[in-house]
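Take a look at these structures.
Paired with chain B in one complex and with chain C in the other, chain A is shared by the two complexes that follow.
Showing the complex of A and B:
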């Protein structure tokens, strides 16, 4: 199908982009990589009055290290994350996860900011940024502010940005030394049935600190498995710890029934995938200790 | 607001193009219906099938997910750029040799993806080539011959020799 008609704006700077969004009073959408917005417009699931194309705003496409923090401009494309030495060194979880996004053409065009604002419950970037404790910078008519990933969504496909705000940057704190990621897909590169990402640090005494586990596809939004994380604080990640954490992860979920799997099936998979990811995490630390 | 058009200028297969583009028209339709370059095929128009894959500034993208007006200022390459007259390029020869097509509808998409992989200079295992090709669907042949054709093209020592 073809998109309905709309007005097209290509602002020269971010302030102009915000002004255009304001002018349409909620009727305009930001066009970044277009890998979600364009299909929705072509299928007429969206009929925005106007499209504000931010692809010319090259200062949003920067990827920089600032002290401990890594800053990813909203317009940084998946393929840039995939091949960037900076991301490989500083954000290996994100590098591992980005390979699961779409296909080559989608990764050449889609952006991290677009993915975060789209807020697909199965999206890899929202889950990765949540587990890494990232915050996003947002610019609107009343100025700039930041939103923690934990507060970015109020539901599926529903970011808490106002319609006249633009996500400009993702700020990621230092990455823990160990990470693991797995997802379950019915078809290669499809939206996942569920995904699990974890990071953590094993102290010199062999006990794990600050372990974070995130779940995708099993709730309206990506969620942290907080009960599991609390159970594992200070543990040695032995088999009994892992089994208990897998079970506790069920407290974080409210899975959907859809074409990719029933809620029951997803609930069945959650402890299994959480346990696998935690064993991967433990193996990563053991390999590093050798 | 209906029928809004915008003047754009870009390079298509090495030649300068200036035209008016309806803002609601995607790039694949623009190339086909406004410019008459029908080598780029259109399938699902929702970014799944990959038929409309072209190169924009060297990157393989799905042209149904890009607006024509976004081509403004870009360097665009379509399947028509590959052959010189009747002489197929190395990727096309490889597809022919390996019988990597039946109906041919998906072939422009695969060829453009292959071109972008060749240009990237990456050395890829067969498993990696397979992974790189998932964004174009073929409903005739199965993928084995396509995989062989692309792999041979990528591994050829002198990529430009047959041009």
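Showing the complex of A and C:
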């Protein structure tokens, strides 16, 4: 478990990082927290020609409020999200979810940008950012552009960034008032069997608007349960609504069959977990109303 | 007259080991850095079975800083096959060399090894070695390996993959079963798991040819036995070999005896005349270090209508993997297959199957967790069949204090104890009666509550060297110690028992301080160095303290006698009027008349100022062999709540009522029991070394996919003890090292089945996962509602 040879670069600014990526023509990898990259390299499953270490680019580690939007630099660590008052106030779903990431050591080192680029289908950050409707900012040789979370992945562990692009920032729009998250794991904070996150707003008439439900671990990428979301638009989230939405969530899944659980069991759990999360959401609104 | 000192046996003294470990001053194998040291990496067979053709090492040899390469042919020319210390009784040996020859028979078997300036370069070189593999038909399923059409692993020695079978029996169990009004039976599948020590294996080998000295630092439980096996294997005179196990980061039975990589590191070191280090990484560990447990038990219990058990039979197949490791094949399932129950007619047949998987070795429990799962789950099924309370059924059949000592159908002898008492304690601790009164449906959210018990005995220690000789084991049942006074007024204690977290340094010092009368702090332990310690057996089989306490008592008595004789001369008194107090000897009736131990010890050591009759020196060695094994016992109880929809369950409480005889150090005992329970819970609920049947590949061979529990996964555990002194051991101690691994699987399975009793759910396979509960629920529902 020792990495094959590689060149190491520690650029002084983001443009230099992009130049290095360009120089290696797809053969270089960005090192942020290293929580996925280093094990993969040590197991020699990945053998990049070069590693471009962006840990010196401190301007990527900023966490700021910009009007309604919250901007999270790619180098912001999980533990920063976990303890940031700004995140607690503005992005409570992310705060709740980040506690499910790995262990203390992983959270001290791993970054949100690394997690989003890694694109693990069970990852908490990709799912949370998807449900919150975030976009990511990307810098490449031809300049900067943004990608909506819905468009960030073309498959498991496959972000749509070009090999010479760096994810620099996550922009999160205003957070709905109610949220809920549950995850089913084989052991504490393991890669999940499945996870469900939801956000929404209950209007004064008691009907839910803009409810979003995301599922992790049950497809190649985190997915929105769009059929369930459509069913629930304008509903009161009563038990029948919730049961219907749970069943409709199955339309979004194509679950894997692996040591953590069979595809059949994951499919069995999806409606159960969606229903639990929706009941949590409803309880959140009821508690707020009191 | 001074007040007698309070006994140190039973005192919660701080562990001798903790200070250095907590400060980061432990010395583990990878901490050993010798000048001119090189590093080794091992190339392993990627197939479950393959013929090995040409091996081309030319490119690897040409790589800069690559120093030495060994292939199977080199190893055959330079060494003998690895020897086995605990053969499978009645079975042929299946000799193997440190590297595969013409055929490799499990994934991960070493095929080539490379030494280079660094591990990274050695791994680069491995990638440049071209090995011509031809995959051959394989078999990984335990029972499948015994099918007529299964590919045979060891064709030259055996006609099939059945290595051996042996039967222990008493009475007429088949006749009793035939006439019994109620018979329950089940086939129980026990998962293959790993002992998973925090520190994997490792070795640093250093050969100084001119000195004819091979110094080996190894992460092992048995330095003296490694020395023996290295001498046999190289071959080399034992006198040339020194094996040092400083701190060992966990053993659990997995670090008993020699492994192929140990031989390889030594062969490289001897060829290069430079120190060679090999540190097993976690990926190798999962394929190269021995695995454990996997077995299928087919059990039948016959009972009268009143619940009295009249017969038990168990035919089990235990999976050995590819061959005998040093301690391969757990042997205690047959010893304790009737558990704590009074059954005269019973039979057990053990079949040992060979499969194309990593060899099985010893692991905490050594067959006892496996058979406990099968027996105790079936006991609960019997209770449901008879519609009697499972607690009551156990009570009816359990051996009573007056039945002990009891010779089991497999001719083990249980010493004294009170099994019923721990059963009742466990039941009371979980408020069993109150739970039964409330019923299973006590959760608002619809989850069902269940309670399960598992009662057990644990064999600790060995029933004499004669017993071991009868099983072909090539080690003794004794422990040994050397005590040496030092000029600071302390005692140096030398033991071959290496330190791997079990707390033996502390327990040994306590026993020594108790017998000698000296301060606990004045004793310094020197553990695990074959060059310094007396020849011994090693730390395994929950036997260390049982055997070592006797040796320490004898040596400490001898040292004390001489100390008091010299002190009597100095104090102008008589030895029987004196006592050791702290670091001094004093006249018991006149505590003011005192002389320091430093003074007495110095006189003895340099031979000055002692009587002319007295020989110089103050040192004592002792060997002690216990007369019998002792049996610890107890009952575990689990309270679970089960979600009917998802199959998810929570272990809300886990209680262990346990007796290990006289407790020398309560926190050590608690640590042993809790640690074992966590391993038992992990194996019961999550851990599994799963092999894909078609590819023969291990699919859970990393920490990513092997679900060892974290501290966050451990349910609340309550420990309760009785302390009934064993009638047959020094100080009345019983072993405690393995007990925690035994009852968790059965207790929790019984609790889940109890919660789901109305649905007729039966569970026979480990690990017990939520998915498995869901499957069992679905199967039970389908059986009740035929479509």
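What we mean here is this: the second predicted complex is superposed on the first by the 290 of 290 C-alpha atoms of A that agree within 3 Å, B and C clash if a C-alpha of one lies under 4 Å from a C-alpha of the other, contacts with A are read in each partner's own complex, and residues count from 1 in each chain.
FYI, contacts are C-beta pairs under 8 Å (C-beta built on N, C-alpha and C of every residue); 3 or more make two chains touch, one makes a residue touch a chain.
Just so it is clear, the model here is predicted, and its values are computed rather than measured.
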| item | value |
| --- | --- |
| Partner chain in contact with A:272 - chain B first, chain C second, else both or neither | second |
| Partner chain(s) touched by A:4 [first = chain B, second = chain C, both, neither] | both |
| When both partners are placed on the shared chain, which of chain B and chain C touches more of chain A | B |
| Touched partner set for A:262, first chain B, second chain C, both or neither | second |
| Which superposed partner A:103 touches (first chain B, second chain C, both, neither) | both |
| Which of chain B and chain C A:44 touches, first, second, both or neither | second |
| Touching partner for A:34 - first (chain B), second (chain C), both, neither | first |
| Partner chain(s) touched by A:186 [first = chain B, second = chain C, both, neither] | second |
| Contacts of A:53 with chain B and chain C, given as first, second, both or neither | first |
| Chain B versus chain C as contact partner of A:79, first or second or both or neither | first |
| Where chain A meets both chain C and chain B, residue numbers | 1-5, 43, 103, 188-189 |
| Chain B to chain A touching residues, read off their complex | 1-4, 6, 23-26, 29, 45-47, 50, 53, 59-62, 64-67, 69-70, 113, 116, 132-135 |
| Partner chain C, residues of chain A touching it in the complex | 1-5, 43-44, 103, 184, 186-191, 259-262, 265, 268-269, 272 |
| Chain A to chain B touching residues, read off their complex | 1-8, 10, 31, 34-35, 38-39, 42-43, 51, 53, 55, 79, 102-106, 108-109, 188-189 |
| Touching residues on chain C, where the partner in the complex is chain A | 118-120, 123-124, 127, 281-283, 645-646, 648, 686, 688, 690, 699-700, 704-705, 707-710, 712-713, 769, 771, 774 |
